[in-house]
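Next come two complexes, and both contain subunit A; in the first it sits with subunit B, in the second with subunit C.
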Partner chain A sequence: MSARFKTGDRVFVRQAEPIGHVRTPYYIRGKTGSIERLCGEFPNPEELAFGRSGLPRLPMYRVRFLQTEIWPDYRGRALDSVDVEIYEHWLESARQG
Partner chain B sequence: MRSYHDIGGMDLGPIERSEHDYALWEKRVDAMMVLLWQKKGLLTLDEHRHAMETLDADEYGKITYYERWMVGIAKVLLARGIITTDELGRHMAAAGDKR
Partner chain C sequence: MHDGHHDHEPAGKRDHDAPLTDYQRMEIAVRELLIEKGVVTADEIRRTVEAMDARSPAIGARVVAHAWTDPAFKARLLANGTAACEELGVEMGPTKLVVVENTADTHNMIVCTLCSCYPRMLLGLPPDWYKGRAYRARAVREPRRVLKEFGFNIPDNFNLRVHDSTADMRYMVLPARPAGTDGWSEERLAAIVTRDCMIGVAVPKVQ
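Take a look at the complex of A and B:
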């Protein structure tokens, strides 16, 4: 599987709340960030959790978000950020901004 | 649905930062996990985590870290048919565990 995003791309984390073994933290769903790097391709934990192979491997990215865009009452420095590792199927392309 | 373990950003007060020495049983649970996962391939970390994160929410909060690990291991081995409930019950009774 080839990676859909490259470093610097703006991405939107899908706002979904399925039952299952979801590794995308709740607080980051619905937020927009930038691809920091492609970490590699890994078996899908949402399938591994139920004893299946998790194949094909899925691209996983380190995505960087501004703290001020995540927490409305954030009082730290304007450029403070948080990196979250997210599988590709949880990401959508976001407009440059 | 937000799973009860997925607490990032929630206001839950200060983090308990004190350390403690591990008891022998805790080291044994850790060793058992490494053997089952890496040496024997009888479980994956995702199965284990899923087993722990689907515990009853009250139970998850009440038991300690390695108790959660132990319960998670047991749930995966039961789901995979590696041990049976009857075997587990009899061994726990023999060990004097009344839970």
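Take a look at the complex of A and C:
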């Protein structure tokens, strides 16, 4: 599977609430950030949790979110950020403008 | 019971042993089954636990001190943390390490909001607070206040970058080498790099 996003791309985290073992934290669902790097391809943990193979492997990224994007009342600097690891099926392209 | 004068105390009270939790029962059941079926031996399990307990932040400190004294190694460490640590003979197993560098305008800190992912091969077992809900929730919500509670007043002109280890990577902070350490040996440098400096809730201090 080839990676859909590259470093610097703006991405949107799906606002979904599937049941089961999910490694996308609630606090960044529905938020927009930038791809910091592609970490590689890994078995899908949502499948592994049920004893399945998790294949095909999914591209997995580090996505950087500005704190002010996540928490409207964040108190700190404008460039304070959180980097979160997210599997590709949780991400959608968020073109600016 | 033969130790006569303790006989009047309830057994549980003497031993400070809490009743087993469901997960502890499950762990024991699975472990005993694996041994019974010959998948692993009790000695293999014991040796693995012993190796886990033997790892300490001294391993990470040695890596940091080497990066401070060898710029080419530091570049390799930031590019591929796992390969660079293996160069120094650190056993990394399946760990995929990302090293994040504190600079003149950026401070990094590590958390795992989902559970307690931690670079055990470099730092040993995580401290209890790292696994607790308070740190895990607040490190992403109000990290500057959290740092202050650890006694670290992050300068106002520093950006704060939090790294949430939610999946397959593990993180270690490469602190900035403090002033006043010119000419120090790697061993002396390693001694000021504490566990908390590599989690990012403190910075190295020259005593």
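FYI, the second predicted complex is superposed on the first by the 96 of 97 C-alpha atoms of A that agree within 3 Å, B and C clash if a C-alpha of one lies under 4 Å from a C-alpha of the other, contacts with A are read in each partner's own complex, and residues count from 1 in each chain.
Just so it is clear, a contact is a pair of C-beta atoms (placed from the backbone, for glycine too) under 8 Å apart; a residue touches a chain by one contact, two chains touch by 3 or more.
This is a predicted model, so every value here is computed, not measured.
More subunit A residues lie in contact with C than with the other chain of the pair subunit B and subunit C.
Shared-chain residue A:Leu48: touches subunit B; no touch with subunit C. Residue contacts after overlaying the shared chain place A:Ile86 against subunit C, while subunit B stays out of touching range. In the superposed model, A:Arg62 lies in contact with subunit C only, and not with subunit B. In the superposed model, A:Tyr27 makes contact with both subunit B and subunit C. Using the contact criterion defined above for the overlaid structures, shared-chain residue A:Phe12 touches neither subunit B nor subunit C, since it reaches no partner. Across the two superposed structures, the residue set of subunit A contacted by subunit B and also by subunit C is 25, 27, 45, 70-71.
Against subunit C, the residues of subunit A that register as touching in their complex are 23-25, 27, 39-40, 42, 45, 60, 62, 70-71, 75-77, 79-87. Of all residues in subunit C, only 96, 98, 113-114, 140-144, 156, 158-169 touch subunit A in the complex they form.
In the complex of the two chains, the subunit B residues touching subunit A come out as 1-3, 6, 8-9, 44-47, 49-50, 53, 79-80.
In the complex of the two chains, the subunit A residues touching subunit B come out as 17-19, 21-22, 25-28, 45, 48-51, 54, 70-71.
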